[in-house]
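In what follows, chain A forms one complex with chain B and a second complex with chain C.
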Partner chain A sequence: MRALAFAWRSLLRRGGRSALGIVGIAAAGALMFDMLLLSRGLLVSVRELLDAFGFDVRVLASEGIPQSRLPIEHALETARALSALPEVASAVPFRIGEAEVAAESERPDEVALFAVGATTRRIWTVVDGRDLSGREDDALDVVVNRRLAERMNAGPGTSLELRGRCSATPSILPPVTVRIAGVATFPFDSGAQLTMASRFEVLDRLCERPVGEADLIMVASRPESGPDAAVDAIRKARPDLYTFSNDEVIERFERVGFSYFRQISTALAIVTLSFGIVLITVLLTVSVNQRLGEIAALRAIGFSRHRMAADVLWESALLVGIGGLAAIPLGMALSIWLDAILRSLPGVPATLHFFVFEPRVLWLYAGLLTGVALGAAIYPMWLVTRLPIAGTLRREFVS
Partner chain B sequence: MVSAGASRVRSIGRVLFVIGLIVGFGHALPSAITVNDTQPDPPAVLFSRQLLAARHLQVGDVVELSGDPSGANPQQFRIAGSYEPMPDPIRVTSERLEARLHLPDLLRLTGDPDDPQDDDSLSAINVKLRRPEDAEAFARDWSARVPAIGVRSSSGGETEHNPFEVLSRFHQAIASLTVITGAVFLLALMVLLADERRETVGTLRLIGLTRARVLAQVLVEGAIIAGAGAIFGVALAALTEGVFNAFFQWRYDTSLIFVRVTPSIAWRSIAVAIPLGMAASVLASWALVRSNTLTLVRR
Partner chain C sequence: MSGSHPPIVEARDIWRIFPMPAGPVAALREVTMEVSEGEYVAIAGPSGCGKSTLLHVLGCVDTATSGELRLEGRDVGALSDAARSRLRLEKIGFVFQRFFLLPMLTALENVELPQAEAGVPPAVRLNRARLLLDYVGLGHRADHRPSQLSGGEMQRVAIARAMANRPRLILADEPTGELDQATGEAIAGLFDLLHKDGTAVVVVTHDPSIAERAQRVLRMRDGRFVDRELA
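On to the complex of A and B.
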């Protein structure tokens, strides 16, 4: 009988104990699988968000946290100059602000406002009505997200009165009446966020800020050049600006902003690995200790040391393999729950996920489980191979 | 906190620039801090420990600070001391390059010389109430009285969308999964233990111990094993707490406390572990206790 079949029958003979081992591995494996999903999930998700609309380079006036960044002066002219570079397909200046919109409720609602330089490339998708246009008559047009449209009971063609919120307090400038051109989905919207996009003219009227300033310029490189060439060209043309490709943004994010989730996933993956190894080691060791006489008898009738060790290894592989397979759907289900908890963090875009599946997770998971199966089998295999045949037979059967 | 509305965004922008210099990217603006020893008594400034180290400065040095990104119109300050920035979990990954100036010095540094009112603009005023429980009412009252300012209570962040509340729920979810995994592990061990003691249980039954008495013994054993395990776990966590904190404080250059084993956490761990251990013991031994006595002693 082959070692695999022999190991399978051994496990069946001790069905309850084997089932416990499999359940234990499934529970530990599900947690480990989730930690692997978490270990790079946010990075993968952020990357997808950054790449979603074809912009692969970001240009800023300074580094640092968004609240302390300097604005890019003469942004429209700068964007035009960058667009003229042969490596650049388009460059779009953005300003990010806040406004208040009067609602029927007691307090006005706060709205995130994205002002964009006139261009055809957008970071939103219009689902109703039309997009912003470059025409002079449409300077005060806006597109709003579905939540804002529903909140204000408004749609394309409706007017809204906005008041700027340029610092921590409402602006003292008079309110501005804007017209909703369309309803759009915004990839960076958080769960409850009210969002609006407009041309620069709206923010210029709402806030006392120098005309033509932008917070960032988003650049799409030409496919034949690629983002690295575009970054080099922009750095050469405008060394005073800070230019980053999406790869560099992700690398920076991975180094500082993402380290918490990487560390917690590493720590918990180690804990669950240890759980798995100890659990299977204990089960196999007890099993071997209870079968010392049987093992000695098998050795006596000609089973080699290697063959007996292979039996133990196969038992370990079967327990870990079956438990590990069961852990995948369990882990996927748990990851939905854990992801929902983390996605309730304030300001997290609704399209962002913390637990993201990618094929490499499966390979890594399989590798770690292989390590568990091998690690757990080492001590019981050592017991089996070092077992003195005559002495054990005498002790187990004669005495 | 009371935020006074400033119409001069430019002015606030400059204040933000200095705060930006302070909090985030002093390294991006090397011209803004220049060591100089020429003037005798410049005003005092405090630098964060991190800023002193990053700029290779020391207490007593005279530096030039500018409110302008280009470094124009610098003013001299003498570093009177250094301080450890208030630990802030939200900014744990940021370099704490910060300075503290006297308010008149900051206003002079960042104000617009052409605007006489600029010296009278602030971004925020912190208010400490005699009765902290009145904070919400105070904020509502002042928001209504002075519409141009925003007033909000610095407490009252215990909502379900508070980042720390969300992270706490995530940690609890992970902890509950770990406990479930541990419970399965414990059950497996208890099954093995019960199996090993089949004959002992049979003998105890033969000498007259009732099923309830044997079950009580199993329960107590489970409680002792789980309790000892929980105490060992708490002791291990308390012993390694310092190591974790030292590592992460070194990693992020902060004085934040990352891990703290409080009495409440310790008691909660023990309170979860003991019932789990007892339940696992009973589950594992149930079939054994219910078995025929002669079967147990293999007769």
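On to the complex of A and C.
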């Protein structure tokens, strides 16, 4: 009987204790699996979100958080110049602002407003009505997200009265009446967010910002050039601007912004790993101590130290392996629940996820479980291999 | 001292000293003996006289503090632990007072176990395990687990297991110690049968009725042989 089959029979022999070990590993494994999903989940999700915009390069006037960045002056001209580069397919200036829209309720609703220069490339997808156009007559058109349309009981062709919220306070400028051209989905929308997109003219009138300013220019590289070539070309053409590819943005996030998640997930993963190792070590050690006579007899019969250690290692591997497999569906279910809790936080885009599955997670998980099985078996294997055969048989006889 | 056949085991001037908190204790003192091929030897003596320690040294599960042990002419003291394990697996059969059958295996699987460890092909070891269970009169209990067997039946299975790899030497430590008189007699009959079939048998026992079945009885006291007689 090979060591694996022998170990399996040994586990069945102590079914209750084995089940306890498997349940313990399943619980710890589920948490460890979730921590692996969390450690890179947000990065992967943000990457997918950035890619969903349809732009792979971002151009800024300065570094830092969005609230403290300098605007890009003459953004329309700059975008046109960048669009002319052979590596660039399209460059769209963006301005980000806030507005209030009069609602049926007493308090006006706050709306996130994204203003773009006249172009055909969008970050939203129109699902009803039409998109913004470049015609002069349509300068005060907007597209709104479904939630805003439902909130205002409005649709394509309906007019809305907007008041700007400049520097976090309502503007003293008179309200601007805009017309809903269409309803669209925005990739960065949170569940409760009211979102609107317009041409620059709307935001210019609401907040009286200098004409032609933008917060950033989003660039789509030509497929044959790729984002890295586009970044190099833009840096060469406009060294005064800060240019980043999506990869570089993610790299910066990973280095600074999302390191907390990785640290938290690493700490919790280490705790669960330690728990798994201690649990299985205790169970195997108790099991070995309860059958010292039997082990000594097997050694006397001719079983080698190596073989006895292999039996213990297989027992550990089976407990951890079965528990680890059971942990995967458990961890997936738990991650869906935890993800829903985190995504319900205000301002989190509805398409953003904190727990994201990647194939590499499975490999990493399998590697960590292998470590648990090996680590848990070390002490009981040492006990088995160092067991004095004659002394143990003598003690068994005396007892 | 020995029979007419060449010795399987030769022990020369064996000392076994255990370090104890109150000072070293000599369990074996200058023990010299031989067991010849096919010989039946009983080792008798009071509790604590060193019988089991001698059996453990002869069976290569314990190492003499000094002296020389040869098995089939090979110096056992020079062997590695792995080589000693292999030697025990292939050349020596152990029978314990407490049987030490594995409770999660059937009688048949318990007998197969040493053969599997020795790398005997499944079909061959299954066939031999069945033959051995028939040999000890338990062919009809092959699929029973130890918990479903009586003490005598368990010891029969243990004897079949000890014979699994066709050892030339069987070492039995108080094999009837946990059995009633009648069952013990039956087990002793099995050792007679093993001896008759050519296997050397060394039995450590308190029971004079078991000892008197042997060709030679070696009596021990305080770690030494006190006299030797041919049965």
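Here is the rule we use: the second predicted complex is superposed on the first by the 397 of 399 C-alpha atoms of A that agree within 3 Å, B and C clash if a C-alpha of one lies under 4 Å from a C-alpha of the other, contacts with A are read in each partner's own complex, and residues count from 1 in each chain.
Please note the rule applied: a contact is a pair of C-beta atoms (placed from the backbone, for glycine too) under 8 Å apart; a residue touches a chain by one contact, two chains touch by 3 or more.
Here the structure is a predicted model, which is why all the values come from computation and not from measurement.
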So, on chain A, is it clash or fit between chain B and chain C? fit
Looking at the overlay, does A:360 come into contact with chain B only (first), chain C only (second), both, or neither? neither
Per the contact definition in the header, classify A:10: touching chain B only (first), chain C only (second), both, or neither. second
Between chain B (first) and chain C (second), which does A:306 come into contact with in this model arrangement: first, second, both, or neither? second
Could you tell me if A:275 is touching chain B, chain C, both of them or neither one (first, second, both, neither)? first
With the two complexes superposed on chain A, say which partner A:27 touches: chain B (first), chain C (second), both, or neither. first
Greater chain A contact set [chain C / chain B]: B
A:395 in the overlay: touching chain B, chain C, both, or neither? Say first, second, both or neither. neither
For the superposed arrangement, tell me the lowest C-alpha distance between chain B and chain C in Å. 14
With touch defined as at the start, can you tell me which chain C residues reach chain A in the complex? 52-53, 56, 59, 61-62, 81-82, 85-90, 92, 94, 96-98, 100, 102-105, 109, 112-114, 116-118, 161-162, 165, 173-174
For the complex, which residues does chain A have touching chain B? 16-17, 20-21, 23-24, 27-28, 30-31, 34, 62-65, 67-71, 166-172, 207-210, 256-257, 259-260, 264, 268, 271-272, 275, 278-279, 282-283, 286, 334, 337-338, 341-342, 344-346
Complex interface listing, chain B residues touching chain A: 3-10, 12-13, 16-17, 19-21, 23-25, 28, 69, 91-94, 123-124, 147-150, 160-163, 166-167, 169-170, 173-174, 177-178, 180-182, 184-185, 187-189, 191-192, 195-196, 251
Residues of chain A touching chain C in the complex: 1-2, 9-10, 12-13, 293-294, 297-307, 389-391, 393-394, 396-397
